[in-house]
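Letters A, B, C, D and E mark the chains in the order given here, with residues in each chain numbered from 1 onward.
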Amino acid sequence: ERGGDATGVTEDEIVIGSWGPLTGPGALWGNILRGMDAYFDMVNEEGGIHGRNVRFVYRDDGYEPPRTVSAVRQMVQNDNVFAFVGGIGTAPSMAVKDYIIENNIPWVGPLTGSTHFAYPPQENIFALFPLYAREGAVHAEYALDELGAERIAIIYQNDDYGRGGLIGAEMILEERGMDFVERLSVEITDSDLSSHAARLRQSGADMVMMWLLPRQAAIIMGNTAVLGYNPTWMASSALGDMGLMIDITEGRWEGVLFSMFGEMPYSDHEQMQAYRAAFEKKYPDLRWGLFASSGFVFAEVLVEGLERAGRDLTRQSLIEAMETFEGWQGVGAEVTFAPGVRQGSSSLYLVKAKGGLDYEILTDFMDSDIDIDEAIRRLR
Amino acid sequence: MPMLKVSHITKTFGGLKALDDLSFSVEKGEIYSVIGPNGAGKSTLFNCINSIYTPENGTISYKGEEITNLSSNGVASLGIARTFQNIELFSRLTTMENLMLGRHLHMKTGLLASASMWWRGSKAAQEEIKHREKVEEIIDILDLQAYRDKFVSQLPYGIQKMVELGRALCMEPDLLLLDEPAAGLNNEEREDLIFWIRDIRDEFGITVVMIEHNMQMVVDISDRILVINFGKKLAEGLPEEVINHQEVINAYLGQP
Amino acid sequence: MSALLQIKNIETYYGLVYALRGVSLNIEQGSITTILGNNGAGKTTILNSIAGLIDDQPEKGEIWFDGKKINGMKTVKIIGMGIGYAPEGRQIFNELTVKENLEMGAYSRSNRKEISDDIDKMFRYFPVLEERSKQLAGTLSGGEQQMLAISRALMSRPKMLMLDEPSLGLSPILVKEIFGIIKTINEDGVTILLVEQNANMALSIAHYGYILENGRFVTSGSSEKLRENDDVKEFYLGLKSETSVKGYQRYKRKKRWN
Amino acid sequence: MTGQLIISGLTIGSIYAMLALAMSIIYKASEIPNFAQGDMGMISTYIAYMILVVHGWPFWMAFAGAMIFAVILGFLFEFLFIRRAKEPNILNLIIVTLGFQLFLYGMTGWRWGSDQRRLGMPFSETDTINVGGVVISHLGVATILTSIIIMVMLWFFLSRTKLGLAMKAVQQNPMAAEINGIPKDRILGISFAISSVIGAMAGMMIAPITTLDPNMMWDPLMKGFAAAVLGGMTSLPGAIIGGYLLGIIENLFGFYVSLEFKSVVAFLIIVLVLVFKPAGILGHHYVRKV
Amino acid sequence: MDMKRDYYEDVQLLHGKTARFWFFLLLITLASLPFIIKGYYVYILSLMAVNVIVALGLNLLVGNTGQISLGHAGFVAIGAYTTAILMISFAVPFIPAMIAGGLIAAFFGFLLGLPALRLEGPYLAIATLAFGLAITTVIGRVGFFGGHMGLSVPAVRFESLGLTRDESVYYVAMITAVLLGIFARNFLKTRPGRAFQAVRDSDIAAAAMGVNVSYYKTLSFAVSAFYAGIAGGLWAILIGFINPGLFSFILSILYLATVVIGGLGTILGSVLGAVVVTFLSLQLENVQTIPGIGQLLEAFSKQFMTLSGLPNIVWVLTGLILILIVLFEPLGLYGIWSRIKTYWKTWPF
């Protein structure tokens, strides 16, 4: 037996933890946790990892940072979690970041595209979610280069997520000597966006980038439709749950471009189909979609890391194993980690929604090499 | 210099003249009663004196100093105390606490001093103890011992009236305004009240202005009586003069 | 004449305070009955117990009204059986006008004509209320409020009217009038239960009287008989011969209640 | 553009106005600001959704079903909880309404999960009427009309019957109401039921725009509460005016000045109004007499 | 009457041997707990202490002075942000930073107290609500405050005393809570506290007693805000991260609920309320794991509700518990407590 911290690892079990909103306004994201849960079941059924089953504990934090802090402390101190996977949202993750670093607990794939987790790199945090700023930049490049958009507006949620997208796109526009014709911020609590809609129409934008939550996206699309204003919409990956979006926008989602960081949940990719089957078996009453599939996308990477770490599992050996990833690909984008490199993947591709659950994949995985330091500076 | 001088005050509510150019003055050490039909403006007069209302016209002065535009607590701090017709006790406090509130102006403990009340010698504790003594004195005078730690909202009506009187006395005022102190008291209790009011004047030297409908009591203890009707002075004078005044009989006393 | 209201040995508590210690009372149909007693004797508590206003009380005993047992019933039901109540402290609706207060008194009635006739009748009893009919009741003078409270209780045309110190705060001339009015109402057939401090007046119009002390009736009888009682004379009517001296209350003659 | 903004403001303002009406009805009878109001409307809207979308029955049945459910819910809330309060004081009752809000919120999440849903209405939220360059959706027209109709109906109902006065009486002095034979409990029950129905209508009107989700009513409810206070809390026309004003101020401010501060500014304007008129636009400030 | 009572007894902090015994036992227990229990529970106790402080302050305002506040989270935010920013940008040590946070919150409390002089009931409720909203909106917009992103708050650790981070926070929070609790109790027993309550029961009579009603109303807002501000500073270091979203309207409402279910106007009520509400908010979700009940809930969910919605049981239960406590015990937990006490005193009768 090698030395090192093997808390949460026993002869036949590894305890993995995560958290996210199962209730409250963010409960939509809760399916990510359930996706992970279904995935670990699947792993265990196939014999586990080096003879050990994964015991997955996850707690509801309602997307409230103080509850996240309690939940994570409880998982660390009472449940003896070995490592974390996922963990939903910027603010909740920020609230527990220092604590997890202090205890040097491996943490794979925080579910946020904020720059705070891999810049500067932390020994134990392995970020997978594409940075919002990068995603914004990818959108802007595509809009300008491929679609020839001339008047671009952006409507974004006034937080790390929305502003990340704003800044990424803005940097690309600036490079080309352009600027948004309108930038509109939305509060999470807003339920009437008609003055936003009026401003959008007045700006005369032919393309509108959307960095919102599904609910607000539906509201703004409805409000602009009333005004008879129909630009091309380009949405962040957080709005990529087509099933949901088509439904709540009453079909107006058709024609929207949005980005994805993994296989489409409805694709005929073999592994994705298997995942879907696993999920639907475990949760027959839940809708399969982007959130559930994201759970698989992120948990997959951790399990690969555990496989690589071998039977002599310690926190240190997992971290070392994670650093051996080089272009590894599951159902998500390629993953690469190395000493001092903790943003494992950052590419996305664009999809266009068609009627129903039909879609058209527009591009391959793309990346944009904006200056991250500059983006971070602007985000402050 | 009169203790209280009210000159030409007018107070209207909408179209109603509750007080209409009313003037009178009260000398130090007097027991001065105000009587008049219901709605004549008696309580309004008190409310003007202690600045709950501001009269539209006229002035009120106390010991030669004008108090018309002071705040209520400003008036109180000059030494004017009052009771209320409809009992305005601090209903969720005990009798003791109500009475201690009468000492408010005489005490100085501020927030910081009171927060740092740690031992017997601390300023706040000392002050509490000192003023408790005065309060106990009033409790003894008014026979309120049995109600000391009861919540006032649970006391019978008559006792509440006594507590209210006691609270006003705790202020050690120079001028005491009593709004129908005997209402709701039975014969026996009213007798006691009469003694107390006399004592208050004789022993503490407090000037008393009293509104009361019980004529027996009014006649018994008043030095002078003011009768108002429709906000105007109807008569003023010694008790026997007033009760034999024909207009007063017509408007207020009724034929015997 | 038969008993309209019958109280059989009720006991009432306020939490741990034992307020009524076994009170029994009969009120004949068409009579005026008065309850006299010191402060805190429990007079108001009797009326509140009848009206069902004290939660889960009376603890023991029964109250019968008009042939029905009413203790334990909801206040609204009890009132609906034909009881009018002008409570202690007036309890008017401060932010309703005088007229609206009277209309609320007639809540259970529906004949608009009769209601407005009755309002006019109240205005005849108390002309000042008519002058103030559009004023918010909370801004009335004390005495005006008292008149309003009595009128409001009458608006339901009750079989029995309970008045808790109706003369409180009224001018001497009105005190006389109010007892006249009570008499008139009674002559119209309304049974009256009157709690009063003005024992003189009360006994002068009442048929029967009860004396309450410390939650118990100490004596009762026709009002003539009570007026002859020495204790009543001394303690309630104030017909003492000797002049009072300071500190008198400490040397009171002991009450004996025969 | 200003005309357009005013119309959009009126549309959302009508929702605020309905919630304000619902709030002020209960307030009129009990001085309780009912924080469960919004979620009572929300769960009734879910019932409509079940009938309409899940069972595929016609709209009017869904509407009727939701309204019946709302009436029962309002009555039940009063009967099961408000009525049982021992020695009720306002703060305690406010907490009861909050508790009920949490309860309903939890029940909805438990029963219908967390996905947002769509409630289709017979009035399209995107087909519009164009009046001199100003457009308004059919749903918008329906919303504005509904708010006015409810107000007028209520106003007639309350002023023509004894109920309106009795509500005020119960609010001011429950004990006195009882000794005058006013059935306090029944009147409270009725006001909860009425306001529950109005809340349900607001829910059904807003759901097509904001999507149906357990959180959908919280923000509109706060605005509705603010609107009711602005209007005077007990005045029905006040509630409507307050709601409209709030909607319009938000829209104009959002467009011409700042989107970020629009909600806050609307509230601050209300506070400013209150400082000068402490009982709202149409409320009366009653000063206690001693 | 020579049997003069000792009037000091009535204002004395701990009157009688038993009271003193229990109080010191409590202090000793609190002091030694971190060495006995696990880190997670130390954290929960610290959290309780923080909430006790908010509740003490809010109860002073709501329970004792009779004014409502739906914006108390705003004061907590001011305290938290002041503390954090003083520590981050100006390198001020924690304790002075926390006190500064309390004072600045008190200043804002005073400001809010001014319009509150004219308002009451729902009008005051809306004004305070607007205040809470405005504070978080402004904080969220201004980069200096970290905007919507929030701020990571430096850790506090008294290494010289040999304490871990959790223990350090625990001791500061506990000592502050006990001190502020005693302060509150002291001024409720004496002149300022009586004036607060007088203003609550009858402002007219209070003024007639010479109580400056405006002064005490604003003072009570300021003191209440001071408590909230201090708690904000403690909370910030306890969770280590703050953003405007933390201080939502819902939080204000939870504070209000804490005070009401604890018992309005009593110190013990504030303490009991905060302890119970904190405990419930952390522990209720575990009902799903209680053997038996968990299966029952699952079966019920499958039959009538949805399984994935089951975590919402937390809200359902929280709601019901709030309702039941308030309905059946108008005096809140304090009422239950005093009932138990009388029961034991009168036992076995």
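Simple rule for what comes next: a residue touches a chain if its C-beta (ideal position, glycine included) is under 8 Å from a C-beta of that chain, and two chains touch if they have at least 3 such contacts.
The structure presented is a predicted model; accordingly, all values stated were derived computationally and were not measured.
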Topological distance between subunit A and subunit E, in contact steps:
1
Could you tell me which chains are in contact with subunit A and with subunit D alike?
E
Looking at C-alpha means, what's the farthest chain from subunit B?
A
Across the interfaces B-D and C-D, which one involves more C-beta pairs in contact?
C-D
State, to the nearest whole Å, the distance from the C-alpha centre of subunit C to the C-alpha centre of subunit E.
48
Could you work out how far the Cα centre of subunit D sits from that of subunit E, in whole Å?
31
Express in whole angstrom the distance between the two chain centres, defined as the mean CA positions of subunit B and subunit E.
41
Per the C-alpha centroid definition, the whole-Å distance linking subunit B and subunit C comes out as 28
Hey, what residues on subunit E touch two or more of the other chains?
141, 204-205, 306, 308, 311-312, 314-315
Subunit C: positions in contact with at least two other chains
139-140
Mind pulling the subunit D residues that touch 2 or more other chains?
86, 106, 109, 113-114, 260, 263, 288, 290
Chains that touch, pairwise:
A-D, A-E, B-C, B-D, B-E, C-D, D-E
For the complex, which residues does subunit A have touching subunit D?
22-25, 27-28, 30, 158, 184-187, 189-192, 194-199, 202, 214-215, 218-219, 222-223, 225-228, 244, 247-248, 250, 285-287
For the complex, give me every residue of subunit B touching subunit D.
43, 47, 52, 84-86, 88
Can you list the subunit A residues touching subunit E in their complex?
22-23, 30-31, 34, 59-60, 64-67, 69-70, 73-74, 76-78, 90-91, 94-99, 114, 158-160, 163, 188, 283, 285-286, 379-380
So in the complex, the part of subunit B that touches subunit C is made up of which residues?
13, 35-40, 42-44, 85-86, 143, 154-159, 180, 183-189, 191-192, 195, 199, 213, 215, 251-254
In the complex with subunit B, residue positions of subunit D that touch it:
290
